[in-house]
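Reading through the structure tokens given below for one structure.
Should a chain be cited, it is by its letter among A, B and C, assigned in written order, with residues numbered from 1 in that chain.
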Amino acid sequence: MLENLQSLIPPFDWQQVVVDPWSKSQWVETMWVTGMGVMVAWACGLVGCFLILRRMAMVGDAVSHTILPGLVVAFLISGSRSGWVMFVGAVVAGVFTIWFIELIHSRSLIKQDAAIGICFSALFALGVLLVSRYANQVDLDQDCVLYGEIGQIYWSPTVAGMPEPAFSMAIILVLVLVLLAAFYRRLLVTTFDPGLARSLGIGTTRYHYGLMTVLALVVVAAFKAVGAIMVVAMLIVPGATAYLLSKRLPMMLALTLVHGLLGSVIGFHLGQWLNCSTGAAMVTAGVGLFFITWLATRITRMIQRQKSRRHHDVMDDDHTAFTRPERSEPDPHPVRGATR
Amino acid sequence: MTRTMKRNGWKPILRMRTLSWALLMLVVFCVVVPSAHAARPAEFVENDAWDQLMRFLSLRDQGVRLVLGGSLLLGLGCGVLGSFMVVRKLALAGDVLAHGVLPGVVLGFLWNLTKDPLHLFIGAVVSGMLSMAVVTILKRTTKLKQDAILGIVLSGFFAIGTCLLTMVFGLEAGDKAGLDHFMFGQAAALDHLDIRAMSWVTGVSLLIVALLYPKFLLLSFDEGFASSLGLPVRMLHQLMMLLLTFSVVVALQAVGVVLVSAMLVTPAASAYLLTKRFHIMLAWAAGFGMLSGSVGALLSFLGSGLPTGPLMVLTASVIFTIVFCFSPQQGIVIKHFRHVNRRRRVVLENLLKAVYHAAERQEFGENGMTLLDLAKVKRQTLETIQHDVDGLVRRGLATLSHDGDVLYLTTAGMSRAAQLVRNHRLWELYLTNAADYAADHVHEDAERIEHILGEATVRDLERRLDFPSVDPHGSPIPALSAKS
Amino acid sequence: MIKKTETVETGSLPLELHDLTVAYHSKPVIYGIDVEVPAGKLVGIVGPNGAGKSTLLKAVMGVLKPTAGWVKIFGEDAKNNLRRIGYVPQRESVDWDFPVTVMDVVLMGRYGKLKWFGWPSKADRELARECLEKVAMLPYADRQIANLSGGQQQRVFLARALAQEADLYLMDEPFAGVDAATERAIITLLHEMRDAGKTILVVHHDLPTAENYFDMLLLLNMRLIGFGPTKEMFTQENLQKTYGGRLTILSEIAEAMGREG
């Protein structure tokens, strides 16, 4: 197998992988692809920070799967390939999913995790079937669904001098930044202490739905770039990496941006080298950065411990992965009204 | 949701929900039916859908037998292991595992550049267990919460696997045709070797589950107690995860990486709604799994080349919907009807009581009561009263005079009315005497209780209160065999 | 029906703790506990919330590894003598929607005695039935556990513990959320078990009843405030030390360590 693996991985030619893409003939295309990657990572990462803090990462995953049928149905109903129509379809599908999950979870003994699993796989399966059936009529095919097509964005029709996907993404990114700036403090309070927020008169449900809507928008954009399965990576990984390193929210947001930038650029070059899907490469690079960060924090902690010679942690070892008792804080953001 | 319900009443919400379920089933139907009748050129001579169906069911073709065999096997394994996941609330962990096998599968392929089941299997198992280990490590060593960790590992492993996969597609050599089926599944691609491997693996998994069933059950139900008994809880958990990986691998080719977790969760969730005994749940889950698998394979067969994974998952989801709506204990449609019936019964019984009270005031001389009086007493419109009275008449509890103005209770109606009044007054007495309620507080409670007291309870009450004849307000309590 | 405990080996107490310390993320939860529990006693463990009562039980069973100190059960390491311990966890520790019946749960008490690939035998089932009868739950043997009241659930847990045929019992708040009749039944059963020679440790939340229920009291607030016969322990001074609101120096240190860690 090793020989096969070796034949799989092309030799690493610095010139070809790193320098050439930025050469005169290729740099525009490179710029658009990496730029798109950065914008997707930034928009998703910022929203994702709040998902992480609100413990809604898996809801993000569910939404990323369920927009697929939304996109297809929206197209089939409206007959137009316009991006904005599809956005609407996706948002509707996203909201529908959340409502669906809550229906199952609150009206039967099915627990939340199973409800999420059932819903999004059913809807995603439906979406995949529709795509297979109507592939030639919709602007999607199975490969796009799985891998995204960020590598091809340069060849899309242009709007205002930019490739169309990049244009939409830019608008969304600006929207995210503006909303974040405007509602920062209220988002912070509703995330950290919903009880306090309510007593201050800040409508927690409003922000919850607002966040969900922005999530749906962001997910649709990311979906086109990296495919349905890896959207959740774009949402969670930058924020999670930042979370490991920061103690305060502003720092976490800033580091998310750094991660987004590095991940996309490194990922692009990784894809160039390995000749694989660009979207997957960007996600892999992001995950690699997460791993390096994790390693670094572990090493630092070990060094610190050696220095101060404290009693070492004992409570970790004797529980299985999924049943170690977390500190018993009640979940402040159950998926809409969950009581079990 | 509840606030809305209280404000607008049940009807609009229920209508919306029934509508949305109907809509979902309609959409599914629209997808499934056209694909079944799709007269697309197939590998076989017969183009007609019916012939194709017959061909499938007659199991004449070896290919069909293989596909069916594979679907049944995967349904069985996924149903059984998935049940453990559902009751342990590890559905999402199963999802992570399912995505985590992808890098291993691709690396297994790289072994010989062929789709050798053994290599794929080993690769998948190693990769899957590794993903679980990463989850554990991250949980232990960082402040990240469970959901974020699952998301990272799931998409991370999947991304690495996708990189590898797309790299393999770029290769010149090797038979990669089979590999792209691993994403969404294609049961038709199963061959002898695959089926043989699947049988062995499923057989071994089920054997281990059977032998260790008590331990697995205890682990799932009460891990703390299990470890207090000295059971090797961690090892058992790892073993269960290993068996789960086996089920995932077995299902991989037919269902595809992306949707395998649905085959683990959905059939088991349907079973969960149907029974309160775990071993029966396992049986149902296996059954639903096998049913979804075979129907999905059949549909794919008919639709020539549609990926089997989504079809199997959709079948499982349809089954889930049916169970969710109609299961005897928990089906929401059933619950709704039961609730509606109960409310109707209460309304009618209150009507009976009103007539009884009126008759009682006249010392049971005149049996009848005009509808107009009844409407006045109940403070409702004549139309509502007439509608309800029809209900009484239909149930044989009352009759109307010729001109439809006067209501007479039948013997049955009278005795039921007496029963209700008795229950009410007995309960009031009980509350005042035994429970020390003030006499003016007891009416509301009794209003509700009177409709649901069973015979045994009533007799018990009477005994406790020493067969009383008057209630706290001084009204007489009808005797057990009262007819008037 | 309760089997009398086998003659206790001379010199080996049912439970011995020495300098037991358990920490959670560098923050001590219980600290330096020294206790020798004599056989055949009903011991109440009382203390405020967060005092580490459940942690103590888990450390005794070996579910949590101590940072310092040791635990001995009948003279041996807890790990080797687990078969002599019966555990009744808090009711919240379990998902009551789980599809099992009352009988299934009680049978689980026998699983510690099963061989590797074994299934419960007829004798096991008989014993389970007897245990259910002892707690007056036999009529409910086939009922799914979700359809039980709090008191009934607690009795099922007790029956399961009885089925373990242990000599040392650890119970975590068995009286929480239980109706008065069940509470009386439980305490009667516990006294019977004690009279048969069993040693029982009960984490208890209700101070007034503690005075009447238990032979000995263990007052815990992160460290051992006192351990001895109830009459001696139940003094104003001791209770003040256990439940007093002011942070002791030790708690302050614990907080500080938690912050740094």
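In this text, a residue touches a chain if its C-beta (ideal position, glycine included) is under 8 Å from a C-beta of that chain, and two chains touch if they have at least 3 such contacts.
A quick note: this is a predicted structure, and the numbers were derived from the prediction, not measured.
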{"item": "Most centrally placed chain - per-chain CA mean versus overall CA mean", "value": "B"}
{"item": "Remotest chain, subunit C as reference, centres from CA atoms", "value": "A"}
{"item": "Whole-Å gap between the CA centroids of subunit B and subunit C", "value": "37"}
{"item": "Chain centre separation (subunit A, subunit B; CA means) in Å", "value": "31"}
{"item": "Inter-chain centre distance, subunit A versus subunit C - centres from mean C-alpha coordinates, in Å", "value": "46"}
{"item": "Shared interface positions of subunit B, touching two or more other chains", "value": "89, 227, 272"}
{"item": "Sequence positions of subunit C contacting 2 or more other chains", "value": "63"}
{"item": "Where subunit A touches two or more other chains, by residue", "value": "109, 318"}
{"item": "Contact footprint of subunit A on subunit B as seen in their complex", "value": "1, 17, 27-28, 31, 34-35, 86, 88-95, 99, 107, 110-113, 132, 135-136, 138-148, 150-152, 154-156, 158-160, 162-168, 170-171, 173-174, 183-184, 223, 227, 233-234, 237, 258-259, 261-262, 265-266, 268-269, 272-273, 306-307, 309-311, 313-314, 317, 320, 324, 330, 332"}
{"item": "Subunit A residues within the subunit B interface of the complex", "value": "1, 4-5, 7-9, 52, 55-58, 60-61, 73, 102-104, 106-111, 113-114, 116-118, 121-122, 124-126, 128-130, 132-133, 142, 146-147, 227, 229-233, 235-237, 239-240, 243-244, 274-277, 280-281, 283-284, 287, 290, 294, 297-298, 316, 318, 320-324, 326, 337"}
{"item": "In the complex with subunit C, residue positions of subunit B that touch it", "value": "87, 89, 211-215, 217-218, 220-222, 224-231, 272, 275-278, 280-281"}
{"item": "Interface residues, subunit C side, partner subunit B - complex", "value": "58, 61-63, 79, 82-83, 85, 87, 89, 93-95, 98-101, 104-105, 107-108, 111-112, 114, 117-120, 144, 146, 160, 164, 170"}
